[in-house]
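Pasting in a structure now, in C-alpha cells, and then I'll have a few things to ask.
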Amino acid sequence: MTQQPKSTLRKKLYTIIFEAETTGGKAFDVVLLLLILLSVLVVSLESIEEINDKYLPLFRFLEWTFTILFTIEYALRIYSTPRPFKYIFSFFGIVDLLSILPSYLSLLIFGSQYLSVVRVLRLIRIARIFKLTRFINEGQVLSKALRASMNKILVFLGVVLLVVVIVGSLMYLIEGEASGFTSIPKSIYWTIVTLTTVGYGDIAPVTTLGQMLASCIMIMGYGIIAVPTGIVSVELAKSDRGTDTTRVCPNCHVEGHPADANYCFNCGYKL
Amino acid sequence: MTQQPKSTLRKKLYTIIFEAETTGGKAFDVVLLLLILLSVLVVSLESIEEINDKYLPLFRFLEWTFTILFTIEYALRIYSTPRPFKYIFSFFGIVDLLSILPSYLSLLIFGSQYLSVVRVLRLIRIARIFKLTRFINEGQVLSKALRASMNKILVFLGVVLLVVVIVGSLMYLIEGEASGFTSIPKSIYWTIVTLTTVGYGDIAPVTTLGQMLASCIMIMGYGIIAVPTGIVSVELAKSDRGTDTTRVCPNCHVEGHPADANYCFNCGYKL
Amino acid sequence: MTQQPKSTLRKKLYTIIFEAETTGGKAFDVVLLLLILLSVLVVSLESIEEINDKYLPLFRFLEWTFTILFTIEYALRIYSTPRPFKYIFSFFGIVDLLSILPSYLSLLIFGSQYLSVVRVLRLIRIARIFKLTRFINEGQVLSKALRASMNKILVFLGVVLLVVVIVGSLMYLIEGEASGFTSIPKSIYWTIVTLTTVGYGDIAPVTTLGQMLASCIMIMGYGIIAVPTGIVSVELAKSDRGTDTTRVCPNCHVEGHPADANYCFNCGYKL
Amino acid sequence: MTQQPKSTLRKKLYTIIFEAETTGGKAFDVVLLLLILLSVLVVSLESIEEINDKYLPLFRFLEWTFTILFTIEYALRIYSTPRPFKYIFSFFGIVDLLSILPSYLSLLIFGSQYLSVVRVLRLIRIARIFKLTRFINEGQVLSKALRASMNKILVFLGVVLLVVVIVGSLMYLIEGEASGFTSIPKSIYWTIVTLTTVGYGDIAPVTTLGQMLASCIMIMGYGIIAVPTGIVSVELAKSDRGTDTTRVCPNCHVEGHPADANYCFNCGYKL
C-alpha cells in the first residue's frame, strides 16, 4: 500500500485494532464502543414505525455508514492478524461477520437489517480489551461455577422436560380446545409458562380438574426452582473457597491454608 | 419357536433388549430411542388440527406402526426376562405397558391416543442403558438431597396449604362473584396462582381491600420461596461435602471424621 | 351429671379429648380429623353456586351438624381441662371458638358461614396429637431459622416498601389514568404485583417511559429475590450445623465436636 | 432573635432536631414520624378521584400544613447545624428539600404535588434516630453482602442485557406487529417481562416459532435466577462467618485466623 514495509504496517494495525495498550489502541476501542452502541440504538429506533416514518433517510444513511465502517474494520482485522483463519472462525470473528452481514442481506430480504442487533455481542470484546480485570475475574468465577453445575442442571432440565410433556398432554385432554389448549405443543407451551411462574394468562384453565392440575404444577414449579438455585449456590460457595483450601502443610499435612499464608496455622512450619 | 434351545434364544434376546454391552444391544437401544422420540412427536403433531386434517392417514399409519413395534418389544421383554412378573410390576414394566395401552384404548374411546405421550418416560431407561454415568451420579446426588429435604418441604407445603385455604376463603368474601371469585375452590386456585407468583390475570382483585390482601399474599409468596430454596441448598451442600465424612476409624469403624481429625471421636483411637 | 365422681369423668374426658395415648383418645382424634376435613369441604362446595342450588338443604343440615358437634366438643374441652381460662385464651382455644362462631353469626349476617374455613387451622393440633414428631422437629428447625432471619427480612421488607411507594407514585405520574394507573394506591399495588414477579396484566404500562421504569423494577425484583433466599439459606445452614459446633474439648479447646462424640477428634481426650 | 445568646439556642435546637437523647429530641422525632406517615397517606388518598372530589379542600389544607411545617423544620435544620452546606448536600439534606419542593412546584405545574411521596425516604433517618441498632446491624450486614456481590451481579446483569437485546430483536422478526411486538424496544420490554417471570400477558407470542423461543427464554429465566441468589447466599454466609476472622495475631497484627489455628499464618507466631 505504502513504501513502508508491509509487515510493519500490519503490526501497527494489529496493535491498534486488537490491543489496547497504546494511545491509538485505546482511542480505537472507545470509538468502536460508541459506534456499536449507536448502531444498535439506530436499529432499535428504526423498528418503531412512527419514528421510522419521520427519519427514514437519516436511519438508512446512518446504518450504511456503520455497516461500511464495520466492514472496513473486519477487513483490517483479517489483514492485520498473523493467522487470519484462526480469527475468522473464532467466536469473535463470527460475531464480527454477523454484525455486517444483515445489512447486506437487507438488500435482498426486507427486514433482515434488524438482525444486526447481534452487534451487541461485540461489546464483550470491548470489555475484555478495556482490561476490566475485576469484572473479568468475577465473570470467570461465575462461568466456572455454572460449568461445574452444568451436569446437575441438565439432569434437572431433563426431568422438567419429561414432566412438561406429560402434563401438557394431560391438560390438552382435560381442557380441550374451548379453553385455548388447541394442541399438545400449545399445551406444552402453556405448561412451561406455568411451571416457570411466568403466567401470561393468554391461555388459562377453566375446568375444575384443569385448575387442580394447574395448581399442582404451580406449586411444583414454585418448589423446584429451589433445585437450580441450590446447585449454583453450592458451586459458587465451592469456587469461592476454591484456591484456599487445598494448600497442604508439608510438616503436619493440615490443608486449607490461605493463598497468602507464610506459616502453617496448625504447627507453625514455614510454608 | 426354532430348533435352537429356547434358553439360549431367550438369553440372547435378554442381552439385546435389556443390556447395552453388545453391538446388538446398542443398536437396539439407538433404534428404540429414535422410535420413542418419533412416536411422541407424531402424537404431538396429530393434536394440531390443521396438520391432522392434512396428514391423518399418515399419522394413523405411523401410530399403529409404533404401537405394534412397542407391543412386540413388550412381549419380547416378558418372554426374555427370567422373572416376568417382577418386570411387569416394576416401574419400567408399567411405563412400557402404559405406552401401548392408549392406542388400543383409542379404538374404544376417542382421543385416548394422546395419552401415549407417557412414552417419554421410557427415555429414562434409555438414559440408564446408555451408561451416562456422569449424569446418573448427578441425578443421584440431586435425588438424595431432595429426599433428605422432603420432610422439611412437606411441613412447608402443609403450612402453605393452610394459608392458601384461609386466604382463598377471605378473598371470596371480600371480592365476591363480580370480580371472578365465584366460589371458594376458585378463590383457592387464585390464591395458589398468586402465591406462586404465576399470576395469570384471568382473575384479579378489583376492590381496595382485596388488592391489599393480594399485596400481602404476593409479598409473602415472594419471601417464602426462600424457604424451599434454603432447604435444598443446605441439603445439596451437605451431600456435596459427602466425601469428607467417609473417613472411617480403623478401630471402631465409625465414619464421618473431619479431614483434620487426629483421633476417632467415638473410641479415641489415633487415626 | 352421673353418680360417678365428677373429677374422674373430667379426667377421663381430658384423656380422650386432649391426649392421644389411649384407644379412645386416638379414635376421638381420627373422628375429629375427618369431621374437620369434611366440614371444610362442605363449606367450599357450598360456595359453588350450581352445586349449592342443588344440594342446599343437605349442606345446611351438614353444616349445622358439624357446628353442633364442634360446639359440644368445645364445651367438653372447657369442662374437662383443669384450667379453662388458660385453654380459652390459648391459640388453639381461640381457633376452636372461631371454628363455630361463623355458623351462629350466619343467622344474623348472610355469608359469614364461609368464615368457618378457619377450621383448617385446627388440623395443626391434630398433627401434634398424632405425634408426627419427625415433622414437628423439621417444623421447629424451619421456624427457628425463620425467627433468626426475621430481623434481616424485616429490614429487607422495609426497604422494599419504601421503593414500592416511590416507584408506585412515579408510575402514577408517568402512566396516568388512561393505562389503568388511576390512583397512587392502585399504582403501589401494581408495583408490588410487578416487583414480586406475579404480573397479572390487569394493569400494564403502555408508555415508553413507563415500560422502561417497569423493566427496571422487574430486573430489580428478579435480583432482590436473592436477598431473602440468601438470608434463609444461611440461617438454615447454621441451624443445621447448630448444636454440633459449639462443643469444646476441655483439654485442647478445639470446638465443633458432634453431639455424639466420645473423644476429642483433635487430641483424643475423653469428652 | 431573642436575648438568649444565639449559639445556645442553636445548640438547643440542634439537640432537639438532630439528636434523640433528650426528652425534647424524642418527642420531636415521634411527631415528625407521624407527620411524615400522615402526609404520605394524604398524598396517596388525594390521588383517588372519588375521595379527592369529596375532600379536596381538606386535603389541600392538610398538604399545605405539612409543607409549611416541613419547610420550617428544614430552615431550622440549616440554622442549627454548625456546617449548613455539609447538611444541605448530604443525602438526607437533599431528601428533606425534595420533600417540600413538589408542593411549591404544584403551584406552577399541576400534579407535581404527588412527587412529595419522596417524603417516605425520610423514614430512614427516623429509624436511625430511634437507635434501632439491632435493625441497623442487620441492615449493615445485608448492605455489606450486597456491596461484595455487586461486581458479580453487574457481570450477570450485563450478560442478561445482551441476551435480552438479541432475543428481543429476534422475537420482533418472528412475531411481527400482529402479535403486539410492534418495535424492537417493545420486544425487548416483552423479553424482560418474560425472563424475569413477571409475564403480564399484555403481549404474548402467537406463532409456533415465537412460542418455542419464548419457552427457551422462560426456562432460561427460571434457571438463571439461581445465579444472583447463589451469589448473595455465598456473600451472606461469608459476612455471617465474619466474627471468626477477627482473631488478630499479637505479633504482626494480621487478622482472619481460623478459630482452631495454633500459629499465625503470616509470621508463624504462636497464638
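Order of writing sets the labels: A, B, C and D. Residues in every chain begin at 1.
Going forward, contacts are C-beta pairs under 8 Å (C-beta built on N, C-alpha and C of every residue); 3 or more make two chains touch, one makes a residue touch a chain.
Remember, predicted model here, so these are calculated numbers, not experimental data.
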* Same interface as A-D shows up in which of B-D, A-B or A-C, over half of contact pairs matched? -> A-B
* Structure fact -> The angle in degrees, nearest 5, through which chain B must rotate for its Cα atoms to match chain D is 180
* Interface composition of copies chain A and chain B: same or different, split at half -> different
* Indicate the whole-number Å distance between the mean C-alpha point of chain B and the mean C-alpha point of chain D. => 42
* To do: Indicate the whole-number Å distance between the mean C-alpha point of chain B and the mean C-alpha point of chain C.
  => 29
* Residues of chain C touching 2+ other chains? -> 185, 188, 197-201, 221, 225, 229-231, 233, 237, 256, 266
* **Contact footprint of chain D on chain C as seen in their complex** => 151-152, 154-156, 158, 162, 165-166, 168-169, 172-173, 177, 182-185, 187-188, 194, 197-201, 204, 208, 211-212, 214-215, 218-219, 221-223, 225-227, 229-231, 233-234, 237-238, 254-256, 266
* Structure fact -> Interface with chain B, chain D side, in the complex: residues 197-201, 229, 233
* Asked: Given the complex with chain D, which residues does chain A contribute to the contact?
  -> 40, 43-45, 47-49, 111, 114-115, 117-118, 120-121, 123-124, 127, 134-135, 138-139, 141-142, 145-146, 153, 157, 160, 185-186, 188-189, 192-193, 195-202, 221, 225, 228-233, 235-237, 240, 256-258, 260-270
